[in-house]
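In the two assemblies presented below, chain A is common to both, partnered first by chain B and then by chain C.
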Partner chain A sequence: MIAPRTIRSLKRGLSRNALAKVGIAIVVVVLFVAIFAPFVAPDRPGTQNLNESRQPPIGFEKATTQEVPVKENGSVVFEDGQIVTENRTVYENSSWDHPLGTDGNGRDILSRLIYGARVSLLVGFFGTGLAMLVGVTVGLTAGYYRGKVDDVLMRSADVMLAFPSIVLAIALIGVLQDALEQSIPDPFVQTGVAPAFRSALGLPTGMPESTTLPGTIIVVVALVNWVWFARVARGEALSLREESYVKAARALGANDASIMFRHVLPNAITPILVLGTIQIAAIILLESALSFLGFSSANISWGFDIALGRQYQSTAWWISAMPGLAIVITVIGLNLVGDWLRDALDPGIEGEGGV
Partner chain B sequence: MSHAGHRDDLLRVEDLTTRFYTEEGQVNAVESVSFDVRDNEILGIVGESGSGKSVTALSAIDLVDSPGKITGGEVWLRDAELAGEFRGDKPEAVDGDFVDLRQLPTGVRRALRGPKFSMIFQDPMSSFNPSLTVGEQIAEAVEVQRRASANPRSTRSRTQGYGLGKLLVDSVVPGRKYTSDESHERAIELLDQVGIPDPVERADEYPHQFSGGMLQRAMVAQALAGEPDVLFADEPTTALDVTIQAQILDLLRDIQQEQGMSVVLITHDLGVIARMCDRVGVMYAGEVVERGSLEAVFDDPTHPYTQGLLGSIPDVDDPAPRLEPIEGNVPNLLDSEMPDRCYFADRCPKAMEACLEHPEERAVEGDRRHTARCVLADDEYDPERALDESQFEGGDGE
Partner chain C sequence: MSLARFLIKRLLQGVFVVWGVVTIVFGLRVIAPGDPANVLLPPDVGPEVRQQVIADLGLDQPLYVQYWEFVSGIALGVPEGLFNIATGQPVGGLGLGTSLTTGTSVASRVGRSLPATLELAIMATVVAVVIAIPLGVISATNRYSVPDYGATLFSLAGISTPNFWLGVMLIIVLAVQLDLFPTSQRAIGIPGVVDLLVSGQLVAAAEGFRTWLWYITLPAITLGTYFTALITRLTRSGMLDELGKTYVRASRAKGLPDALVRYKHVLRNTLIPIITVVGLQLGTLIGGAVITEFVFDWPGLGQVLINSINSRDWPMVQGSLIVIAVGFVVVNIVVDTLYTLVNPRVGFD
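And now, the complex of A and B:
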């Protein structure tokens, strides 16, 4: 299905486009980290340690002078009806145990980001996959049959678009509740590979034994975003169905399903894949927004962590900022990859041609 | 069944009418067209661009797509088996060994494409799917027929053994094959048969690795996959250069004789018709204006349009330096702009008063199988009754 010509133009696009390499690097790192979370995370993402709460990231330690009450024998001292205070230096220490600091409950932010990547990517990839499956099927059918089929399918797609996506998503979550939540056991922890690895390196053990698969969120983001795939697939199908090879296949007796899947879909796959990479980013953003608003059952997630840090905005900005950065970087990386695919696979750049 | 058929008739198309419902209005692309195809012959259909040649062929094999619609006519195919099958259910669709395909269910009509009819198209470069190998696409045509014949009773047979899921996976996942090894071997045989060197290696190449002529050969191979009785060739050589054109025409003739099939050759090239065809139909403005044997039509053209077409070919042996073009242009076939008179009247050098009435197809005097849609078929041109400009009142869209 992937012609050598396609691979050549992908390579050429990569050598011309330094940003594409950055994008690929980001995506590869995020994927690696998410898959091998129990090996890379420096600490347990869920374990609270109130003694170490709100530690700043490395490089942001500072000393501040604060006015504190003077205490004698454990009680404050009054003088002329006023509490006696003194100026003391208070240290906000950072530590290499928590390179990105800790949150309000003393949990390691880096570890939470690493585990949060799992949720974001699961939703991003499965959500996009599901949206693609639904959208492409609808779009191909609409574009191939045209007429009434097209009208019914695409008008219902337009209706979906008329809703603000967050509102639609919240309504759908209300309907589905958490019926589709799944907990997937972490194979690395279950088989004992990760604990052995961690204790050999002297890292804290007791990593979570399973990851939440937020099925409801996946279904919801797919139901919100399939429309884009439907539109692209319909447009492609409308133009490809007029190709002579589609007519030739019909003249040879092929049926509609095989024409759609064998002659229309493979030639429409490029714009669909490009849209897919960009949609992963959009869906990760949507998932973060939903977690931020508290609609996800995942209790480790970038959006959820931003929400956790909201109450500490003035004193411990990193609790919100770090997961926010993680989202920004991942989304930029995916968009760079999407741009590269689009530029490299755009038929305008390399024409059809004989040898 | 109106007129007496020839006993060798394989396909009789009668009064086939196709309309396109476009935004500008109704387009009468094919207007009451009749022709017949006999066993083992090459029938030529010739006409200018936009005269409805291609749509006629597509209508005959029921491939007209919205916004087009076949609005009338009959397509009688000689098929004793099919006739027997429908004699009980649909007696009006059966006449002797002939069945009227227009009255059969869609599934049956589709099943005829491949084993009965096949078609090759003008531009070989765009008639192959660029994302599949040539061999794979020919093998697919074989596979479709194999599955159909394995289960002839079922209209679902074309997906037999292929649920939608398996179809999707086999189409999209690289390395999965939709076609069987037997079909692939047959595809290589077919490529060999149409004169492609190294068919085994060439089968694994993609369309862009083929030259235009080779690809046209491959398309002939693909069309042969179902061993069709009638092969429609829609301008098969127009996109090719002249030396390759000759090769492809030779190939078509060889294959036609080898397989004993009939070919309907659609072209605007009178030279191709003269070289290849046994009989010929001339189309103008969606109508067959004249048809008959090649000799009858070319040596003794009756319709002034045919005369004009033949008069516009340069002749090496004739020293006359000027060609005689036909004045004016082909009408655009919009229903609202089509006159009630003969469509050719306003370009016709021999238009007469009788031409203000739309002519029926009538036999040319002295030859029952030579017909023309012209008053001159059984009348002489008489300058006394000539039509002058002033008599074209309204309705001609100028």
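And now, the complex of A and C:
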């Protein structure tokens, strides 16, 4: 399906473009960390420990002066009916147990980011896959049949585009609510491989046995973003349907569905895949916005954790800052890979990007 | 094709899209779970009251009748005969119906929140254009220099940063820690400033404008950053494309000053595709405004939408969706028309 010529131009693009290598490295690391979360997370992402609440990240220890009661032999000292106090320097300690600090409930932020990557990537990949499936089917049908079919399908696509994606997504969530939420068991934890690995290394055990799969969010982002795939697929189908091999297949009596999916689609795959890479980034951004607004049922998610940190914005900036950095780095990685694919393969496509 | 025919064609398309929008918005309410009567009524009312409320809302009618009422109400502004929960009096409206939670007209609520959203969107666009175009030009004319790398890095980071997170960070650093800006809300709007101006209170108006600017700065930066990054990127690549064209070499060979070629010819040709992309991205701008309003407690349409989704106030959800989508369609028509007027190379077809 991928021609040797395509591979050559991809390699050429990679050797010229150092940023593309950075992008690939970021994506590989995030994927690795998300898949092997129960092995690499330093702590349990959901377990609260109020004694370690709001611990700063390594390198951000802060000394503050506080008025504390003077104690003699473990009890407070009174003078004229008042508690005697003194000014003392209090350190907000960081520790290597929590390299990125802890949140308001004393949960390890790094572990939450690692588990949050699972949610973001699941929505990113499944959402893009579903949008691609719907969009490509609609686009190929419209471009292949042209005429009235094309008019009806693409005019409905125009109607979808009249809603900003986040607005349509919010409205659709209002309709679907959490009807499609799923939780998928974590095979590494279920089989006992991860717990054995962790106890061998002396890491805390008791990792979550399942991961939330926010089905509603996946369906919603797909319903919002299929239009971009439909536009690209339609454009390709419009030109490919005039190719001689398509005419030959039709003359041989192949049916329309087989012509569309066996002859037209394989030749239109490059721009669709390039758009797919860019769309994963866009959908991850959309997911994080929806969880930030409180519309996702996933209880560990980058966007949701940013929202959780807002109540500590004057005392513990890192609670909101860290998940946002995770989003920025991941999306930069995906955008760099997308840029590389687009420059190397040059399919000339457009697509909505940001949130 | 003449301008008039172009406009008529574009308007007809717009009407079609608006009809589609209205249909989708109607459909969303129909398939949404939950009974609107539950939003209106306390849980312990008897079945007769419930029946009466459902009949008052017109929800006992067949779907095609409800659909017709909905579409004709929006198109013609027929009062809908709903009642105000507080006063028990029927409430009319501009065809968008009555809020289930407050009993007031959806149209007036949406209308009151519109200026806040428009102010935010316009200021974000101003921020973006004022920063991005010079940055892109500097970047393209000094290729592979430090400013070029800086601008490229900035634009990559800018298109990859979720604006709500940027907003939260700006609040933490500039509002909470450094205390330079307010953390949220909108103390006064442009309509308020205009009122002061009209009533002749010039000092108060100036003070009001300053306050407005002070409050809108962080939200505008939050919403504008993605666009600043995007336009910087487009200006740089567009300018590089144009600088490589033969007319540039010809003008230089002819002895035209470099600056004249760069800023008069090259920049102007670069701006044309930028207008198209900015037009296409207006949806992202409005969508971004929804989240920015949430972060800064900015009283615009986005807040109305989010609050009404959370309280299942469907008439309000429908009203804000329709206004957002129709606004988007109208702006798109305007941008398309301007684009064809500005660019002599594109015909009206």
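Descriptive notes on the structure:
Convention: the second predicted complex is superposed on the first by the 325 of 355 C-alpha atoms of A that agree within 3 Å, B and C clash if a C-alpha of one lies under 4 Å from a C-alpha of the other, contacts with A are read in each partner's own complex, and residues count from 1 in each chain.
Here is the rule we use: a residue touches a chain if its C-beta (ideal position, glycine included) is under 8 Å from a C-beta of that chain, and two chains touch if they have at least 3 such contacts.
Keep in mind that this is a model prediction, so the values were computed, not measured.
Aligning the two structures on chain A places chain B and chain C next to each other without any clash. Judged by the touch definition given at the top, the superposed model places A:Arg310 against chain C, while chain B stays out of reach. Looking at the shared chain after the overlay, A:Pro164 reaches chain C, while chain B stays out of its contact range. If you count the residues of chain A touched by chain B and by chain C, you find the higher number for C. In the superposed model, A:Leu293 lies in contact with chain C only, and not with chain B.
Of the two partner chains placed by superposition, A:Val134 touches none, neither chain B nor chain C. Vectors from the Cα centre of chain A to those of chain B and chain C enclose 80° in the overlay, to the nearest 10.
Looking at the shared chain after the overlay, A:Ile35 reaches neither chain B nor chain C. When the two structures are aligned on the shared chain, A:Val331 is found in touch with chain C, with no touch to chain B.
In the superposition on chain A, A:Leu10 contacts neither chain B nor chain C. In the superposition on chain A, contact is made by A:Leu265 with chain B only, not with chain C. Distance between chain B and chain C in the overlay is 11 Å (nearest C-alpha pair, rounded to whole angstrom). Shared contact residues on chain A (touching chain B in one structure, chain C in the other): 352-355. For chain A in complex with chain C, the touching residues are 155-156, 158-159, 161-167, 170-175, 177, 179, 281, 285, 288-289, 292-293, 303, 306, 309-310, 313-314, 317, 320-321, 323-324, 327-328, 331-332, 335-336, 350, 352-355. On the chain A side of its complex with chain B, the touching residues are 1-3, 5, 146-147, 243-245, 247-255, 257-258, 261-263, 265-267, 269, 352-355.
Every residue of chain B that touches chain A in the complex is listed here, in rising order: 61, 63, 66, 110-115, 117-123, 125-132, 137, 140-141, 144-145, 148, 158-159, 162, 164, 167-168, 171-174, 178, 206, 208-212, 219, 222-223, 225-226, 232.
Residue ranges of chain C in contact with chain A, taken from their complex: 13, 16-18, 20-21, 24-25, 28, 31-33, 156-157, 159-166, 168-169, 171-173, 176, 226, 230, 277, 280-281, 283-288, 290-291, 294, 305-306, 309, 312, 317, 321, 324-325, 328-329.
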